[in-house]
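What follows are several structures.
First subunit A sits with subunit B, and in the next complex the same chain sits with subunit C.
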Partner chain A sequence: MLTKIITAYNEAVFDTDRDQALEIIHQAVAEGITPEDIVFKVVIPAMELMIKSISEDFDANLAQHFMASQIASQVTDEMVAKFQTSPHVVGTVILGTSHGDMHTLGKRIVSGCLRSLMIEVVDLGVNIPAEQFVEAALTHNASVIAISSMMMHTARSELGCLKVREILKNKNLEDKIKIVVGGAPYRWDPHLYQAVQADAWAEDGITAGKVIKELIMEMQK
Partner chain B sequence: MPTLVLSTAGKTLHLTCTAQQSVLEALTTAQIKISSACAGHGFCGLCKITLKAGVVSQLTAIEQDKLSQSQIAQGTRLACQVYPGSDLTLTIENTLNTLSWKRLSSLDKILLNEQDSYAIALDLGTTQLRLSLWNLTQQRRVMAWLIFNPQYQFGADILNRLTAAQSLDNATEMLLLIQQAIKKIIRVIAKLIPLAQLKKLYVVGNTAMLALLAQKNYLSLLNPTYWSQYLDCTITNVSAWQTALGLTATTDIATVPPLAGFIGSDLLAGLFSTGLMRDTRCRLLIDFGTNSEMALWDGSKLWISSVPGGPAFEGCGISCGMPVGEGAIYQIAAPSSSNWDYKVIGHSKPLGLCGSGLVDVIAHLISTRQLQRNGRFTTKEAKEISLPLSATVALAIKKQDIDIFQQAKAATGAAIVQLFKQSGVPLAAIETLFVCGAFGQFLTIENAQAIGLLPPLAAEKIQLYQNSALKGCELLLSRPQSLGSLSEIRAKTTLLNMSYVLNFDECFVENLYLQPMQF
Partner chain C sequence: MMTGMDRIVAALNGEKSDRIPVFCNLLDQGAKELGIATLQEYYSKGEYVAQAQLKMREKYGYDNLWSLFYVGKEAELLGCKKIIYATDGPPNVEHFVISTYDDIAKLEIPTDLINHPAFAQERICLEILSREAKGKYPICAYLTASMTLPALLMGMDKWFDLLFFGPTDVRDELLRKCSAFFHQEVAAYRQAGADIILYANPFGSTDFIPMKQFNQLSMPWMKKDLQPGGVADVVYYCGSSRMNNVIKPVVEQLAIQTFYLSPNDDVAIGKQNVAGQGLTWGVINDILLIDWTEQEVRAEVKRIIEAGMAGGKFGFGTLVMPYKIPEQNIRAMLDAAYEFGRYA
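Right after this comes the complex of A and B.
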């Protein structure tokens, strides 16, 4: 029965049909599938399938990305609340839009993708000063700071990623906390992440999930 | 050093290029006109060349992303990505032949004489400059011209230009480029009227363009705190300007102040010329451009917003795209036979699609079910769809082109929907919708409505309105007292910054879908 649910759910996600996807999940719960199975056997594999199809054929369709991540995070949130024991989280990420930047959409997709991969996300919001990123990382014991910038000048700004790097350096935190960046300007110039001294970048939310998960795993080793 | 052999405009040129220089750098150093709107970063896709002979660096991932398979097969490359490995023979696909002034409206000789007073109106747009010679005494236009904004090489959108202007050299260069362009046309005007009779030169434009022109405050625009405030863009060194333009001391030179933040005086001028606020009936104005502005008059208050309409509407970032100009396909429809019915600007062969052509193509692909409303091709494996225009010419639309267009459309569409929501004006109350901007002038209304770029209003309520800012600037020259009513307009205006509008992002996602706008 699970295979049938998986196929139907994948199809709904691929067609960006949120109502259909949610209905399939609710139906499955009603039929006795555990919330754990839904997250680990349906939602996460679907996300990974998307990662695979995107990395094989690098086409990014925004409507699809957005819906896929929104559906996945909505289902995950709903199911996690019903888990018998609290789930094992992979790690914690601090997420926000850089100083001077109010674009929220890219960040929301990234957040959805991360949460559906069982990574805890602390979303600070938009227009976040560098100091706040680092403070939050320390408070929440996070190993990654993820900064979204949608404009060239906010990506390059001395008050943005560069400043976060400077603070990490001064506080000797560079081994404990990594910086990941993303957003439109990084897609225009694939070397930009190095120029702003980030550790990694990702082209879209789904790849962001993969990159950040790998980074966390590596640091835990 | 490798030699580049270039055939352009019927001439053959020889120039040298170092191995460290991209072909784009070599061409711009030699002052060869080639389209480029991203300073060689590789995201505008406009700097296309076709290689005829020679060895070059390999195709980059950027080129694979920006060029269609047929373009790649033909030897098309992006000049900014190509480094020469030997002598090369090449042609330029998108030459910037619009770097000289073109006629926008013809000369009205009756308005020429020695006694009348004259003035110049200038609409300083991010993409184009529109300028007219105005007879102040008779309050009529003598002639108008159009030129591509020569600052384009610093980036297609205002933020790229402002970012470039962080270097003082660039900022000065951008000012000089505009002054040189105006000076060229003033030489033409000097043959029509005595320059001593030229009393005024007024400039309208968006805030960033005006601030760069006045060489003040432009860097504040990189900081969002200033986006809803009034910014001083007055030209203070008028005599230096008069000298630079070759004008006499009788010509007053001034910028018309912007309304606030990103809402420039070009929109303001458009409000005057369309008569948007002339009585208590509701009207909507949409000015499509790199930044799209929209103004909704509810009978007593004005609701304004500005969103990144996206250079996508001007062909930027689209594989087969180009700005409105010579060779651009601006309207396209599939007739029953296999060939397409298309209209090209000027007399040249079709070179690419400008924004309105792209709207037609997308609407066609949707109606023939080759494209789904979420932006995916119906044939899931297809990476591009080829459109045979004729036996010899074909265009290809890539998935990425649709994606970029969808985002620009969604930002504009969502802002229109929000403007109605926030003001509480029902769609049915709109008496007239004025569609302005270079992109707007050729739009096929049904197609734009079918994919959700324009609201679903009856066709007779929609007016494609050209040169709204230039016409408004002329009105201001004749009735400078209207400038006094500026503060009145400001008092009636509510600026809606979509960054602060709750649920804008949901609305944006809804508007990504290629379907009629939902209210």
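Right after this comes the complex of A and C.
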């Protein structure tokens, strides 16, 4: 039954039909599936299936990525509020766009995806100075800083990821906090993440969920 | 002597000139070329932009001129009050004109754009370019489609919210206003001397939206944008997004004849889709020009031109060349394009 729900839910998401996706979830709840099972046995597996499809060259478009992340995070929020006990949070991520960058869409897709994977997201917003990323990571005990850039010059800027790396190095935090980057310039140059000294990159907002989750799990070992 | 306009006209007609037309989209580099310290100062005067465009075209020998300052200019024409400037990249919209749905009702579309104060510097730029180069080198204008303009006015994620989750009457009101603005803008640019209208619309690509929404939303709004003024000078451009699987419906339903592919489009397939009915541009991933060796640049230019040049009706072009590309790589790219794009 859960497999059938996952399939129907994902079909609705890929058809960018939020109403249909929500109806499938609400119907499942009405039929007795617990909120915990909705999150852990429907939303998370559905998101993971989506990540797998995208990594295997399923040609999803930006609207589908947006819809998938927004619906998943909306369902997760709704269900978590009904949990019997507080859920276990996988880890915490600090998220923002790089210095000088005002583009919000990619960051929002990443945030929705991460929240549906039970990763806490501290969204600092846009045009974030490097120092603020690091301070927030220390304040919230986050193991990952995720920096989104939509423009080449904001990705490569000395005030962006490179500066975050420099601060982490100077404060001996490189073992405790990893940097993940993403956004259009990285898609056009897959080696760019190395040039800006990030630890990892993700090709799209949904894949970022996988990359960040794996990084958090690895650091927790 | 053969001019850029000669090459474009020949390519459009399926005739051979000395070589294929080559477009190189240098914008922010103009400040460095004129020795102007900041991009803010450079973009404050139409004279600067026009002078730099003429100077860079002369220096490198490519075939086009730009009247575009930066993309956020369109938002300024609609009330944007703050642009964020960088030292090494394009200016970025900081103030969004629309922050609530009520702002959409209040949004006013200028009715006499050519005389609008926010258009004054572009008009000066176009006047100089027309005076110096009209008929010799095509003057390009960059206009954002009604489906994409809301992203400049409210931010892309808020536009996605409205587009997919918001009230359709509010969405349609915004699209109507953006389309009305496009009509004003295209008329003003044509009147001021633009020869080529680059119709910028990432929402005209299925990299952005599913085919169903392309057919139900993008196509009808593109028709509304383009039908009043015609499409003879219009170039279909989806930013860096792919267009190969929409070329056929665009040719059939909009009659657009020129397609500026994404670097991620297969050039040969793009040309096949245009099917001799127009001009196809093979476009290089110019972000990689920052770090590539001259040999790598040359090899990639060769690959693109070889994929599209046979049978003519083909040009070579760039996206918006990042500021950090070293000059020797700009030269390497253009030299290769002139060499491999030469008709025997």
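Here is the rule we use: the second predicted complex is superposed on the first by the 216 of 221 C-alpha atoms of A that agree within 3 Å, B and C clash if a C-alpha of one lies under 4 Å from a C-alpha of the other, contacts with A are read in each partner's own complex, and residues count from 1 in each chain.
Note that in this section a contact is a pair of C-beta atoms (placed from the backbone, for glycine too) under 8 Å apart; a residue touches a chain by one contact, two chains touch by 3 or more.
For clarity, every value in this text was computed on a predicted model and none was experimentally measured.
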item	value
Room on subunit A for both subunit B and subunit C (clash or fit)	clash
First (subunit B), second (subunit C), both or neither touched by A:195	second
Touched partner set for A:217, first subunit B, second subunit C, both or neither	neither
First (subunit B), second (subunit C), both or neither touched by A:18	second
First (subunit B), second (subunit C), both or neither touched by A:138	neither
Partner chain in contact with A:2 - subunit B first, subunit C second, else both or neither	neither
Partner chain in contact with A:105 - subunit B first, subunit C second, else both or neither	both
Residues of subunit A at both interfaces, subunit B in one complex, subunit C in the other	15-16, 61-64, 66-67, 70, 100, 102-105, 108, 127, 151-153, 156, 188-189
Parts of subunit C lying in touch with subunit A, wherever the complex brings them together	84, 86, 88-90, 92-94, 155-158, 160, 164-165, 206-210, 212-213, 240, 263, 285, 287-288, 290-291, 322-324
Contact set on subunit B toward subunit A in their complex	38, 41-43, 61, 65, 159-160, 162-163, 222-224, 374-376, 383, 399-400, 402-403, 406-407, 499-500, 505, 508-509, 512-513
Residue ranges of subunit A in contact with subunit B within the complex	15-16, 57-64, 66-67, 70, 100, 102-105, 108, 126-127, 151-153, 156, 187-190
List of subunit A residues in touch with subunit C within their complex	15-16, 18, 61-64, 66-67, 70, 100-105, 108, 127, 151-154, 156-157, 184-185, 188-189, 191-192, 195
